[in-house]
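Okay, so chain A shows up in both of these, paired with chain B first and chain C after.
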Partner chain A sequence: MSTDNNEKLVGAFVEALQIEAITVTDELQYNTIKEWDSVAHMTLVAALEEVFDIMLDTDDIIDMSSVGKAKEILGRYDVNF
Partner chain B sequence: MTLISDRFQLTDQVALVTGASRGIGAGIARLYAEAGAHVWLSSRNIADVEALAEELPNARAITLDVSDAASVKAAIMTIRKEAGRLDVLVNNAGVMRPAMLAMSSEADLDMMLDTNLKGAFLCAQLAGRLMVGKKHGVILNMASIMGRIGAPGHSAYCATKAGMIGLTHALAKELAPHNIRVNALAPGFIETDLTSDISGDAREHALAEIGLGRFGTIEDVANAALFLASPAAAYVTGQVLGIDGAMQI
Partner chain C sequence: MSDQLETLFTQPVYAFKQSEKEKTLLAALNELEAHHRAHCSAYSAITATKNAPNSVEKLADLPFLPVRLFKSHLLESISPEDRFKMLASSGTTGQQVSRISLDRRTAGYQTKAMVQIMQSFLGKQRMPMLVLDHPSVVKDRLNFSARGAGILGMANFGRKHCYALHDETMQPNWDAIDPFLEEFGDGPVFLFGFTFMAWKYFVRALEESGRTVNIPNGILVHSGGWKKLLSEAVDNDAFKQRTKAVTGISKIHNFYGMVEQVGSIFVECEAGRLHAPSFADVIIRRAQDWSVADHGEEGLIQVLSCLPHSYPGHSLLTEDLGQITGVDDCPCGRNGHTFAVHGRLPKAEIRGCSDTFDGAAS
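This part shows the complex of A and B:
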């Protein structure tokens, strides 16, 4: 399950940000690469919501500042890694 | 080659119309269904939209209090689960409590702000997330001529409708990179429950201000709402379309 979820998460980042999968590490942070700007952040949120069938609270969207943080937030929605 | 009629079709598009129990909202829902859309009709009380939903092809009724973020989230999640996407959002739900400034209550001000403006914001916020995922969508905000030229005794209502115009402009710019178009409709005097009690001298005075010499119909507004949602308006975004018979030029 956690492996599946990790693959889904990486897939969402790759598709939404148009980056290589190898780039998607826990340390990757919002606004540190040109591909992850505020416009792409909305695309990423939409992708994560669709792939995990959830709808994030606004505070969590604001708080999603890195891949690691995304995993932590998704855990609150019963998406475990 | 695309037929002219095809440019105004909404075949298999999924649309949500808020405040669809009567008047303009019901009229838009009817025309969208006729144009081939799968329409979700919403109201705070689902019983108010169930009969119309049963009457229309491919229509569903859903409970939605636009002023309540939890209610909006629940409705949008239901639509995503059942329909898989949302192509068109019509922010039509609205309330009007006329009162001169000195006699306007804080409760009425809050009600109009919460329903007319905050409600549209919340619905656009969550519906927009579904649209961003599909890189496609249309949001229509129901403004009013009163939000453009004002009207005595309607300061709070006019403020909410002017706010809708500002919201439309901002969202059009913000959502354009995601291929989501955002426009507003600004009806003038339209024959609805809200205007049915205008009679006698007041009606004559109102008619004198309308170039075409008649009140608009629900169909007049619905036709404009269909155009803005359709492929025919593919390059139209950030606009406020007046439907007022030359009341404001």
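This part shows the complex of A and C:
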């Protein structure tokens, strides 16, 4: 189950940011690569909401400053890794 | 983050009574003042010329810079390698634009501040969002205009973003608007646009074509000033009334803010007053001698903000006229100063002050 979620998460990042799967590590941070800027962040949020069938609130998307943080936030919606 | 700013951020932004707020704000601004003098040599030189004291006892005693100084000078309190973003004002034709240098820390404060303020009006849930602009305004990702940056900042509060206007022609894009409203029009919808765009290309376009839309649970937020609308003879009341007539939207919030203090915005409440959030404040000064105006007296608006860390923009005298309309007494229940903006100081009168300041800074 958790491997599955991890795959979905990586897939969402790859698709939304147009980056290689190998770069999607917990340490990857918002605004440190040109592909993950504020425009892409909106696309990413929409992709995560879609694949996990959840609705994130404003605080969540502001707090989502890294891949690791995204996992932590998704955990609050019972999406576990 | 400084302890004071941390304290201010832990409370709802309109919770503090003015007297409590001023204590924390004063400490935070004194600290910022020292920070900018230590890290921005130009700022230090300006304050030295003015014999500004190192620490002040009340907010009104803080030194202030004319906001237009950022048009002629790049003032920074960080080293160039810590620059994270450079903001530029939109500026009308032929005018020089302001350049504001941000580090990550300041950009982070701005986002946090904006979220806390807007949540007071929009709630935490993100609503389907109709952007009253055209999509290419955010296309050039490496070089956003002030308008594009403003829209992106607001996009955090929305989902299923839909751009209401066609590129180039700026005509309403009904192929995008119709299906969007079909799906979301009955529920809460967040609409955002710059005042001029919202008016000219949405409200006026609807009026002229005889069309209406019905967004009874919509919340429209707009900003950018009325300057460009002078020829249209529309003020805030007319804007609200006529917008409601063609859209059914009754929740309409204007806000006052500027690129020189992004994040520190003053939003109009349900009672029609502009509110200063916890980490910011306004002081009204008489145009002739910059003394503090009486409660209710019209004067130049000075804006204070704890957010600017990377540039000395924590205390700025604007060229806008306004008046204080209340303290801790708004019917909406939000505390702190409320004020109204009346427009710009006529051009001839401002030239004098800016010349003085340009001389002091060079």
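One rule holds for everything that comes next: the second predicted complex is superposed on the first by the 81 of 81 C-alpha atoms of A that agree within 3 Å, B and C clash if a C-alpha of one lies under 4 Å from a C-alpha of the other, contacts with A are read in each partner's own complex, and residues count from 1 in each chain.
The rule is short, and it goes like this: a contact is a pair of C-beta atoms (placed from the backbone, for glycine too) under 8 Å apart; a residue touches a chain by one contact, two chains touch by 3 or more.
Note that the structure is a prediction, hence the values are computed from the model and not measured.
Student: Quick one: chain B and chain C on chain A, clash or fit?
Tutor: Superposition result for chain B and chain C: clash.
Student: Examine A:47 and indicate which partner it touches, taking first as chain B and second as chain C; both and neither are also allowed.
Tutor: A:47 sits against chain B, while chain C stays out of touch.
Student: State whether A:39 touches chain B only (first), chain C only (second), both chains, or neither.
Tutor: Both: A:39 reaches chain B and chain C.
Student: I want to verify the contact counts: of chain B and chain C, which reaches more residues of chain A?
Tutor: C
Student: Please work out whether A:7 is in contact with chain B alone, chain C alone, both, or neither, and reply first, second, both or neither.
Tutor: In the superposed model, A:7 contacts neither chain B nor chain C.
Student: Identify the partner contact of A:55: answer first if only chain B is touched, second if only chain C is, both if each is, neither if none is.
Tutor: Once the two structures are laid over each other on A, A:55 reaches both partners.
Student: After superposing on chain A, which of these stretches of chain C ends up overlapping chain B: 184-192, 256-264 or 346-354?
Tutor: 184-192
Student: List the residues of chain A that touch chain B in one complex and chain C in the other.
Tutor: In the superposed arrangement, which is not itself an observed complex, chain A uses residues 39, 42, 45-46, 49, 55, 58 for both chain B and chain C.
Student: Would you tell me which residues of chain C are touching chain A in their complex?
Tutor: Contact set of chain C toward chain A: 84, 104, 111-112, 115, 118-119, 122, 124-126, 138, 141, 152-153, 155-157, 159-161.
Student: Of all residues in chain B, which touch chain A in the complex?
Tutor: On the chain B side, the touching residues are 73, 76-77, 80-81, 125-126, 128-130, 132-133, 177-178.
Student: Quick one: which bits of chain A touch chain B in the complex? Just the residue numbers, please.
Tutor: 39, 42-43, 45-47, 49-50, 53, 55, 58
Student: For chain A, which residues count as touching chain C in their complex?
Tutor: 31, 37-39, 42, 45-46, 49, 55-59, 61-62
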